[in-house]
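Each structure below appears as structure tokens.
One chain, chain A, appears in both complexes that follow, with chain B as partner in the first and chain C in the second.
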Partner chain A sequence: MPHNALIEKLPHRRMEAWKWTDVRGASMSEPQGLSAACNPTIAAPSGIDISTEGVAPSENVMGKLATTFAHNATIITVPAGFKSGAPVLLSDMKSGHARLIFKIGKGAEISVTETHASNAASFVNIDMRFDLAQGAKLNRTIFHNDSADVTRISTAQINAWADAEITQHTLSFGAGLTRFETRIASLGENLQADVHGAYLLGENRHCDMTSYIDLGGENARIRQSVKGVVTDKARGVFQGKFHVRRPAQFTDAEMRHDAIMLSDTCQVRAKPELEIYADDVACAHGNTVGALDESALFYMRQRGLPAKQARALLTQAFVAQSFENMVDKSDFMARITDWLELNS
Partner chain B sequence: MIKIKNLTATVNDGQQTILNGLSLEVPAGEVHAIMGPNGAGKSTLSYVLTGKDGYDVTDGSVDYLGQDLLAMEPEERAAAGMFLSFQYPLEIPGVPTMHFLRTALNAQRTARGEENMAAPEFLKKARQIATDLKIKPDMLKRSLNVGFSGGEKKRMEIFQMMMLEPKFIIMDETDSGLDVDALRIVADGVNALRAPDRGMLVITHYQRLLDYIVPDRVHVLADGKIVASGDADFAKLLEKEGYDKYAA
Partner chain C sequence: MGEVKNIAKDAIEAKTVEGVAGLEADKYKYGFESDIEQEFAPKGLNEDIVRFISEKKNEPDWMLKWRLDAYARWLTMEEPTWAMVDYPKIDYQDAYYYAAPKSDKDGPKSLDEVDPDLLEVYKKLGIPLKEQEVLAGVQGAPRVAVDAVFDSVSVVTTFKEELAKVGVIFCPLSEAVQKHPELVKKYLGTVVPPTDNYFATLNTAVFSEGSFVYIPPGVRCPMELSTYFRMNAQGTGQFERTLIIADKGSYVSYLEGCTAPMRDENQLHAAVVELIVLEDAEIKYSTVQNWWPGDAEGKGGVYNFVTKRADCRGKNSKVSWTQVETGSAITWKYPSCVLRGDGSSGEFYSIAITNGFQQADTGTKMIHLGKNTKSRIISKGISAGKSNQTYRGLVSAHKKATGARNFTQCDSLLIGDQCGAHTVPYIETNTPSAQFEHEATTSKLSDEQLFYCRQRGLSEEDAVALLVNGFCRDVLQKLPMEFAVEAQKLVAISLEGSVG
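Moving on to the complex of A and B:
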């Protein structure tokens, strides 16, 4: 496929779902990896099978594109009842397209730790699918730290059967253009999903956290909290949607996005959405964008904290709320501290 | 210890004058009370002295232990021993009280060129003061002031004050929100800090607090300046007669 035709296929700002994340606009220079495959390094505990297969492409635009260049998908099979203290580690997603499919068996429990990082200008498109059988538990930890000239799209479609549990924590420091999209679909009952994240952006960086949670079974409990801290000329994007279908009675779902803007030149765009057809549900969404609380900063300085330290402490406490229930958050918190050291 | 001369401060880009030529001197070792009607500028005085943004000092000077107080940042004033017990203490979500206080104490010590206080010493001191102020240990683990009642927040201000051992203390309406028992506990804490090298400015609406913290001098603040002064008994007279004759 000639590059021009390829660029034509990329999502762009005239598409509603991509209006704040213009992949086409960011790819005009035809970055490295735009038409290549990516081979992530996968380290898995024993008992997990890894193979490659030709499978039908994902429905979404970036998924189709991934199929064009990555061809086969890597299938990671977690057998029923599997339990391990060790996570599956995904790394080396530095340039190109990859397709990864996790098949998680009945009652299996698995942690997946993803490091999305590249230190050179490139285009990265990771298309993932997680199929959770009944009672399966998935704990995803996503760490993103690219150089400022990377374009990265990571899409995860998570299909969950009854009694599944999903926990996801994402920490992103942005890139030239980034989108982490999480799509959860469940037809089964008793889905539990905690989908949390934070983006901390400086320079000209961009990060888009988009999620679509499609509920078709009874008694789902969803918690989502995304925190943003944006400075310089950076741009933060949050798009969240809960789609509660008619059979999804007794859904209990909360969505929050809160962002702090530390400069006059940064931007935050947010679109929280609820679409509800069931009549006995408790769904809420909240969205705030503002500056750091000046009164609280003065209070802290009155007690002797230098302004920079007060700002960092207040911002860290704000971001930490998204990782409150994370089992091991020490690595995330250390990286947040480092970022605040440079950007407060 | 602190010499305030002709202090004039405005807000809203000079459109509103809150302090209007206020002069006041508090020598080391003394406790002075400031009383006055609502809107007289009592809280503004406490904010200007501690360096809050939003107030323009257009005239006057403040000499604090030989330094030009108004030229210092809020944290420099804190390190130099200036402490304000807030009328409405702020809630700091996600920052545990003990972590905050230890960070603040060590920031002050660093600014003064002193060593950090070791954790065991800090904890021992905190436990003792919490016991004296009847503060439950559980409260010290929680985020600072989050979900605390008005009275609990005021007690927490005194806790911080006793931990930080400041040299000059401003108490802004510390009695509001406190019941009689809590008032006595707080006053005992404040009185324990009275010392020859320490000064205090107690801002209050009501004379009640001054039964427990007996001042050396009482001043009436009205329309942005001190309009009358007297000894401790003067407060009782004010309580009886009200501030009407001092208001413009």
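Moving on to the complex of A and C:
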């Protein structure tokens, strides 16, 4: 496909869902990988089957693009009742388009750990789908650390049948342009979802955390919390949406996005949305943006902490809230500490 | 003072009870049509119609040019589709763009000259502000200046003299064009430019009436200004345009109330309101909107596509929008504040109630440009029946808006399982010292509270009205007294038939 025709297909800022993340604008110079396939490395515990198959493309614009260049999808099948202490490890997603489909059987429990990292300028588009059968449990951990000239879009469509449980923790240090989009569709009752994340951005980096949680069954319980820290000329974007359909009575859903701005030139954009058609529900969202609390800083400095350390400490405590319930958060916390060393 | 408050409070309560009780029989009491001869411009929209309207208004050339430019621009624009509302395509060629009561030809010089049918209309409307008396010239009538817009032409403007004493100009916009062209030229279209959006551009081309208010420096307007817009002629869209200028250190409270007669066809209403607030000045703008929402099958009703914007140009200027939206089939309305002056502040208090098949997409924009600007948004949405409503708001801080503060709270209440309530806030921050907070909740009426009320002998409908009034209290308190009474009644009326 010639570059001009390809550019036409990319989402751009005149599209409502992409107004703050202009993929077309970032791809004008034809980055490496824009029209290539990507083959991620997948390490899975035994008992999990991996194959490739031609399946219909995802509905969304980036998913269609992934099908154009990656053709077949890699299918990762987790059999019913499967349990393992070891996670499925996904890595080497450095350049190009990839399609991954996880089929998680009845009552199976699986952890998926994704490392999205590239140290060379490139375009990456990962289109994922997770199908959770009844009672399946998915624990997804996403770590993202690209060099500042990467454009990365990662979209995950998670379809959950009754009694499914989803836990997701995302930590991103941004890239030239990044979007982590999580789309959850509940097709049964009693969905439990904890979708948390944090972005820490410096330089000219950009990170967009978008989610769309579409509830169609009764009794869902959703907790979402995203924390953002931006400095230099970075831009943080949060777009969240709960779509509570008429049958989804007794939904209990909470969404939070809080961001701290550490420089005069950074930007934060947020759009926490609710679309609700069921009446017996409790849904809430909150959003705050501001600087670090001066009085808390003053308190710490009064007690002898240097300004830099006080700022780092406060910021770390703020970000840590998103990972409170994470089973093993030591790696995330260490990386956050490293980042704060350099950026506070 | 306490006694006065109590009397007022009792009056409100009595009227609320009365309102709830008296409505069984007359669901939409403003649904009638009066037969006053109308002078229409031919149906449809083209350059000649624009010229016709301008000529009717005896406008100067610059005004006609302004309209024609807007019309040319409008032809190139597309109707916006981003709002969460759904309605059949509007045929802009199938409506009248100008209708004036014939008796206006010579211009009524006194009340005696006003068409008696017109006075009859006011009577039928049961106007709460005692305009009846004001119009009839009764001594000691309340000090509320009324510029009654009857369809498209201002028929009577009262209290003009008293206002003139302190230098306040309050007149129909068409009169201001003739008498104060320098002010109109200086300010008209500077807040909502002719190219702003589809409906504002249409309004610029064809607006036929509206109000003009100028408060001179340091003057506190001695009375609340009020305009009643009532649409009357079948198939006539009303395009009014309001321009209010509060000069340095002045204050004005402006009330706008609306009811429209019942009819079958959808009526298009695309108004533009521009507020200009200079240094240390304050404008309080209150609206009660109760246009016909359509019948029980969702047929008919008013399309209300309004652009309202305030420009806080001066230091420490202040604007407060308060609205109670219970009517219209479709509402598309975002009263906004551009907080340009350092230390300026904007407020938005809104109650939106949708029932039946109504759809409302409403909210506000708070654009912080100046230092230490403050804004506050309190929005209460109540959906019942098969209605849908959306709060859509933007809060943004420019890089230079250091110390900006915003607090937003939007709560939605769902009554029944066939309606929808949506929240779409946009937050854009470009400075770390801006502090923005946004909270939103969606829930249903508490069963416990309902049970408590019913236990004490209230009917289900009364209990719902009481609880909803409580839910809206934060906003109702911000309304001027005359409106608070009407608004409380409206809350109850609008929810009629939504339970049980």
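Throughout what follows, the second predicted complex is superposed on the first by the 344 of 344 C-alpha atoms of A that agree within 3 Å, B and C clash if a C-alpha of one lies under 4 Å from a C-alpha of the other, contacts with A are read in each partner's own complex, and residues count from 1 in each chain.
Methods note: a contact is a pair of C-beta atoms (placed from the backbone, for glycine too) under 8 Å apart; a residue touches a chain by one contact, two chains touch by 3 or more.
As the structure is a computational prediction, the values presented were derived from the model and not from experiment.
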Chain B and chain C placed together on chain A: clash or fit? fit
Apex chain A angle, CA centroids, chain B to chain C, rounded to a multiple of 10 degrees, is 80
**OP:** Could you look at A:A291 and tell me whether it touches chain B, chain C, both or neither (first, second, both, neither)?
**Re:** second
| said: Going by the contact rule set out at the top, does A:D279 touch chain B (first), chain C (second), both, or neither? | reply: second
> Looking at the overlay, what does A:L138 touch: chain B (first), chain C (second), both, or neither?
Replying inline: neither
Review point. First (chain B), second (chain C), both or neither: which does A:R303 touch?
Key: first
Of the two partners chain B and chain C, more of chain A gets touched by chain C
Looking at the overlay, what does A:L65 touch: chain B (first), chain C (second), both, or neither?
neither
Once superposed, chain B sits from chain C at a minimum Cα distance (Å) of 13
As the complex stands, chain C meets chain A at residues 82, 399, 412, 414-444
Note: in the complex, chain A contacts chain B through residues 293-296, 298-307, 309-310, 313-314, 316-318, 320-321
The residues of chain B that touch chain A in their complex are 50-53, 73-75, 77-79, 83-84, 86, 89-95, 100-101, 103-105, 107-108, 111, 143, 160, 164
So, in the complex, the side of chain A touching chain C is made of residues 16, 246, 249, 259-291
